[in-house]
Amino acid sequence: MEQIIANGLYLGAQYALIALGLTLIFSLMNVLNFAHGQMYVLGGFITYTVVAQLGLPFLLGILVSGLLLALMGAGVEKYLFRPVVARSVREESTMLLAAGIAFFLDAVILLLFGEKQRGIPKIVDGVFNWDFRIIMPYDRIVVGLLALAAVAAFILYMRYSRTGRAMRALAQDRTAAQLMGVDVNRYSMFGFALGAMLAGVAGGLLVSITGVNLGMGGPTSIKAFMMIMIGGAGVISGAIAGGFILGMMESVGLTVLAAYGDVTYLIIFASLMVFLAFRPQGLMGKPWG
Amino acid sequence: MTLFKKLLGVGLFLALVLVLVPWLIERSGRWDFYYTLTSVALLSIASAGVWLTFYIGRINIGQGAYALVGGYVSAILVTQAGMNFWLTLPLAGLFCALLSVLIGLPILRLRGVYFAMVTLVLTEVVRLTALALPITNGARGIVNIPLPTELSLFGLTLIPDFGTLANPKLAFYLAAVIMMILSYAVLYRIVHSRLGHLCRSLQQNEELAASIGVNITYLRILAYSISSFFGGIAGASFVNISQSIYPSSFQVVDSVNFMLNCFLGGLGYVFGPMLGTLLLYFGWDLLFTTGKYQLLIYSSLLILLMLVLPNGLLSLRLSRKAKQPAQASPDKQPSGATP
Amino acid sequence: MNPNPILEVDQVTRRFGGLTAVNKVSFTVQPSEILSVIGPNGAGKSTLFKLISSFLHTSEGEVRLKGERISDLAPHIVARKGVVRTFQETTIFRAMTVRENIIIAHHLRAKASLAGYFWGSAAARQDQAAFARSADEIIQFLGMGAIANELASNLPQGNLRALGIAIGLATDPKVLLLDEPFAGMNHDETMHMVQLVQNVRQERGITVLLVEHDIPAVMKISDRIVVINFGEKIAEGTPEDIRNNDKVIEAYLGREDDAIGM
Amino acid sequence: MSKRVFLKSLLAGMITLSLGLSVAQADNEVLKIGFVGVTSGPAAAWGISNQRSMETRAAWINETGGVKIGDKTYNVEIVAFDDQKDPKRAIAGMEKMAQEGIHYVVGPNVDDGAAAVRPVAEKNGIIYFPYAFPKTLYAPPASNAILGMVANYQSGPAIYKYLKDNKSVKKAAFVAANESDPLSQRDGGVEAAKALGLEVVSDNVTYQVDTTDFTPVLLPVIRSQPDLLVLSGVSPANAPQLIRSARELGYTGLISTETAQDAQVLKEGAGELANGFISVGGASTPEIASDMMREFVERYTKKFGEYNDESNTKVYALEYILDTLKANPEAIKDVEAFKKTVDTFEAPNPYMKGEAKLKYVGTTSFGQKRQLAVPLVVNVYQDGEFKTLFVAEVD
C-alpha cells in the first residue's frame, strides 16, 4: 500500500507540473493549447542536448530548456495567437492554430532531434528501500521534489509578485482587468511564456527519468487536458489537484485492477467521463451560474 | 441567391464530382486519386456531423468514436450475420445515433472545453472497449471482410456486386460521393429549415431558447444523434474499403482531424467541412513528394492559413460581400453546464 | 378581488445550502394586471423570477398557472404553458437580425413538425408565412421598423430591451415576466419603455409581471406592487399603499445606495 | 485581395510539387521500390529505420553502378510514403505506389495498416513486406504479403526454450501495451510459454504507450515473482523505461522481448540496468556481421548521423527483393512470376559470416512461403552493445 501511495505521489508531482502551464494559458487566454505536450517534449530534448551532448550540468539543462521555451512561448503568443484571436469570430478557432503549432513542433523535433528515444544518465544513483515497503530510486525522489519546488515557486510567484497578481486579475475577468489598467497584451504574452516555460522545465526534469521521444507530445497534451478537467479548467489549485488525482488513480487503479488486466485504463477513462458529465466544473472550478 | 443560381450551382457541382473528376482521372491516369477522393468524401461526411454539433455550440472531438462503432457494427453484421453491406450501412448509422442518445443525455449538458474534453475521452474509451470486447475480436481486429455484394429489389439490381466489378475504385468513389452529396443535402436542409434556426438559437443563447419554449435537451440530442449517424456511416464505409477493422482504425487523431476540418473550412458555412477535409487530406497527399519535410510544410501552411483566414476558408467568399458575420461567437465566457 | 387569479405564487421557498434566498413568498396575479416585484439589492427578486419561470426548482411551495402547478417543470414546458420570461442581462440571439430574433421566437406557435420543416411541407410553409406576418406586426407595434434588419449585437441598450419584449410577445404568452426592463436606461428611454409595456397589456391583454429597481417607473406602470426584502414579502398593494408603507420605507432607507424615489 | 493571391499561389505550388517533382535521371533505367510505413509521430522509429536502411542501400548500389537484373542495369529509387500509422492513409500510400507502377513495397509497420492495404495490393499486383505478425496476412487465401522479419510466435518459443534449458527459467510474466500489435504478441507468447511447460504467473497487465512512469504498471507483475519478464511487442521508446522500473523495483530475473531494439537507446534510457536484456536483432553483432554489414552500418551512419540497430533486420527486405528479381528478371513487371520464384529462391546472405542463405520460409506458420528468412539472432545487451546469445532459423 505504501508503495502505491508513493508511486501515486511521484506521478502526481510530475503531472501537476505539466498541467500547471496548460491551465495558466487556458485561464489567461481561454486557449486550449494543443501544443503543450510538444513544448514539453521540446524541453526534454533541449535538456538532453545540453546534458548528454554538450556534457553540461543537469540544472543548467533545465534552465536552458525553460528559457528557450519561454522565448518561444512569447513569440507564439505575440505573432500567432494574438492576431488570430483578434480576428476570429469564434474563439475556438484557436484550436486549429494550436493543432497546427503542435504538428509544426512535431516536425521540427523530428528533423532536429531524430526519431529515437533519448535519455540522460541518472542524476543520482541508488535506490531508497524501506524494508521493501517503499522502494523509490533516489533520482525519482530528487525529481519529484524538484517538481514540487517548481510548483511551489510558481504558486508563490502568482500570489505575491506584481506580475503574478496582474495575471490573476486577467484570468478572473479580462475586461475588468483592462479597465483597471492592466496591460492585457503584455501579460497575455508573459503568461504564455510562463506556461511554455513550465512545460519546458517539466520536460527537462523528466528526461532524466523517463527519457523523451517525439511521440510523447500528443498523448501528454491529452493527459494534461484530463488533469485540468478533473481539477477544474483554469484553476491553478485545480490543476495541481488534478495532477495528483490522476497520478493516484493510475497508481491505485493499476494495482487494484491488475487482475482484470486490459480494462484498467478503460475503467479509469470511463469513470473520468462519468465524473465530468456530472461535475463539469471539476473539483475546484467555479460552479456554473 | 436566386433559385436558378442555386440549381445551377448544384448542377455544376454534381457534374464536377460525378462526371468531370472521373473523366479527368481516366485521362490523366492518376488512378490513386480515386481512393484519395473517396476518403475525402467519406471523411467529410463524418466532419459534417462534427460541424452540426458545432452548430449547436458544442466542440465535438469524439466523432472518431462513432466512426469506429459504425465500422464495427457493419463489420460484425457482414462477417457474422452475413448481411448485405448496404443494409448494414443504415443500421450502423442508427446504432451510432442510438448510442449517442445514451451518451449525449448526460454529456450534452456540458459546454465549451468541458464538452470537448469529455468527447475526447470518449474516443479513447471506445477504442479501449473495442480492445476488450470479445465480439470485436479484441486486438486481432476483424479482417477478410468481403466486398459489398449486390443489392437488388424485386430482382432489379440497385447496386452491383463490387467483387465482380472491373473498376471497384470507381464504384467506391461514386458510392462515397453520392453518400456525401446526400449527407450534405440533408445538412443543408437542416440548417436552412426551422431546425437549423433553432440550432443557431441554441448556439447563441441556450437560456433564451428555453424561455421561448424550445426544448433544448431534445434539440441537442437530436443534433448530436444526426451527427453521430453521419460518423457511423462514414466509419462503416471505410471498413468496407479496407476490408478490415482494428481498434486503431479510428482514434483520437481522427477525432481531432474531423474537428480541424470544420475549423479550416469555416464554422459558419455548411460546405465548410467538405472543403476543409479536401484541403487537409488532399494537401497531405499532395505534399508526399516533399519527403521528410512533408509534416513541416503541411503544418506551416496550416498555421499560415489560420493567420490569413482565421474564420475558415469560406470566409473568403464572404468578405467579398458586405461584411455580414453569419455566425458570431456564442457567449465568450467559459461556461460550465446548464442546470 | 377576482377570485380566479391567472398566476398564484404559493408559499414559495428556495434555499441555497444554508441560505434561504426566497422564504415562503405568496401572492397572486390577476388577468391583464401589471404587477411589479420590488426590493433592495439582493432581496431575492431575481431568484423569485427564476422560480416562477422554473429556471430554478423550488425548495418548498409551488407556482400555479390558472390553478395548474407549473413549478419544477422544464423551462420550455413552462414557456409552452404561457409563462415567458425575458432576462435581466440583455439576452438576445446576438448573431441574428432583429427580425430573425422575433421570427425564431415564434417557435411555440409552430404547427408543422421539425420533419415537416425539413421537407418543406405545406403546414411548414404556412407557419413560416404566419410567423413573418406576426413578426412584422410586432415590429410595427413596438415601432422597431427602422432597425428590423440590424444585427442584434449592434443595437443600443434601449432597443435591446424592446427586442427582449418583442421576443416575449412572439411566443404569445399569457404571462410575460420582465426582468428589470428599465435597468440602465435614461429618463426618456424609460418613459418610452413604460409606454410599450402598457401597450402590451392594453392591446394584447397580456398579464405582465416585472422585477424592477427603478421605483418611479414602477410607481407609474404598476397596478399593484409586491415588496420583498431578505427573501420575504414585506408588503403588497397599490402604488399608493406602498408609498406610505413604513416597512417598505424602512427597508429602503436602511440602505444608502438605494434611496426610494418619492 | 492579397488573400486570394496567396491561396492561389499556395494551390499552384502544391500541384507543381506533386506533379513536377521527378528525380534527375542517370544513364541507367530506374527501378522503383516503395515504402509505406510510419515515419512521423510516436512510432516513427519503426518506419524511419526501414526507410533509411532502404535509402542507404539504394544509394550504395547506385554509387557502385546499379543493380543488374536480366540484361539491364537499374538504379534503385526508393519511393517512401508516411502513413502516420493510420490504416486509412496506408491505403492511400499503397494506391500511390500502384500509381507509380511499383510492384514491390516494404511495409506497413503495424497490424491494422498491413490488413488495410491488402485489397489494394492484391488488386494492383503489388507484393508487400509488412512488419506485422497476424497469420491471416500470410496464410492462404492471402498471397501478396511477405513477412519481413521473424514473428514473435516463432522467436518466442525459441527464446523461452533456450532460457528454460540454459537459465532454468520456470515462471514467466508478460506485459504489453494496450494496443493491437503488442496484445496479439502477448497472447501468442503466453501460448508458446505454456506449451513449453512454463508457468505463466502474470499475463494481463497492460499499459498505455504514453505512460511516463512504469513503476505502478510493473508493481503487480513483479509481485507475482517471475524469473522471466517478457515485454511483448515493446516499442524501443518504452523498453528502457520498463527495464529500469523493473530493476529499480528490485527485480533480478531475466527480461526479454521479441522485437528489435536499439543499443544506444537502451544505454541512454536504462544504462547498466539494461545489462542482460534479451532481444531479437539482425546480424550486426560483431560475432556474425560480415564485412558488407559493417560497411552498411558505416554508410548508414555517415548518411544519417546515427545508426539504428533496428535496421539490422530491416536491411534485408530490399536485398531480398533485388536478389529475387535477379533470379527471375520477369518478376520485375509480374508479381506472379515473383511468387513462383519464391518457392525455389536461394542466395548467399551477404550480411552474415558463414554459410547463411537468403531464402523464403514460413511453411510451418503460414502453409506457404511468405516470410523472409532473416536470421533469428537472439542478442543480449551488455554495456552499450549487443552480444549474440544464439542464432536460430525459422522454417
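The first chain written gets the first letter, and so on, giving A, B, C and D; residue counts start at 1 in each chain.
The definition used in the following text is that a contact is a pair of C-beta atoms (placed from the backbone, for glycine too) under 8 Å apart; a residue touches a chain by one contact, two chains touch by 3 or more.
In this text the structure is predicted, and so the values were computed from the model without any measurement.
Any chain bridging chain A and chain C, meaning touching each of them, is among B; the list is complete. Common partners of chain B and chain D, by the touch rule above, are A.
Of all chains, C has its CA centroid at the greatest distance from the CA centroid of chain A. For the pair chain B and chain C, the distance between C-alpha centroids works out to 42 Å. Chain A and chain D have CA centres that are 34 Å apart. Separating the CA-averaged centres of chain C and chain D is a span of 71 Å.
Residue positions of chain B with contacts to 2 or more other chains are 128, 131, 253, 292, 295, 325, 327-328, 339. The residues of chain D that reach two or more other chains are 39-40, 178, 183, listed in rising order.
Those residues of chain C in touch with two or more other chains do not exist in this structure. Listed by label, the pairs of touching chains are A-B, A-D, B-C, B-D. Residues 3-4, 6-7, 10, 14-15, 17-18, 21, 39-40, 80-82, 84-89, 91-92, 95-96, 98-99, 110-112, 115-120, 123, 134, 136, 178-184, 187 of chain D are the ones that touch chain B when the two sit in their complex.
For chain B in complex with chain D, the residues that touch the partner chain are 30-32, 34-36, 39, 128, 131, 138-141, 143-144, 147, 168, 238, 241-244, 246-249, 253-254, 283-292, 294-295, 301, 305, 308-309, 313, 316, 319. Touching chain A in their complex are the following residues of chain B: 59, 106-107, 109-111, 113-114, 116-118, 120-122, 124-125, 128-129, 131-132, 252-253, 256, 259-260, 263-264, 267-268, 292-293, 295-296, 298-300, 302-303, 306-307, 310-312, 325, 327-330, 332, 334-339.
Residues 189-190, 193-195, 197-198, 200-201, 204-205, 207-208, 210-217, 222, 324-328, 339 of chain B are the ones that touch chain C when the two sit in their complex. Within the complex formed with chain B, the residues of chain C that make contact are 53, 55-56, 74-76, 79-80, 84-87, 91-96, 100, 103-105, 107-108, 110, 112, 114, 117-118, 120, 124, 127-128, 151, 153, 167, 170-171.
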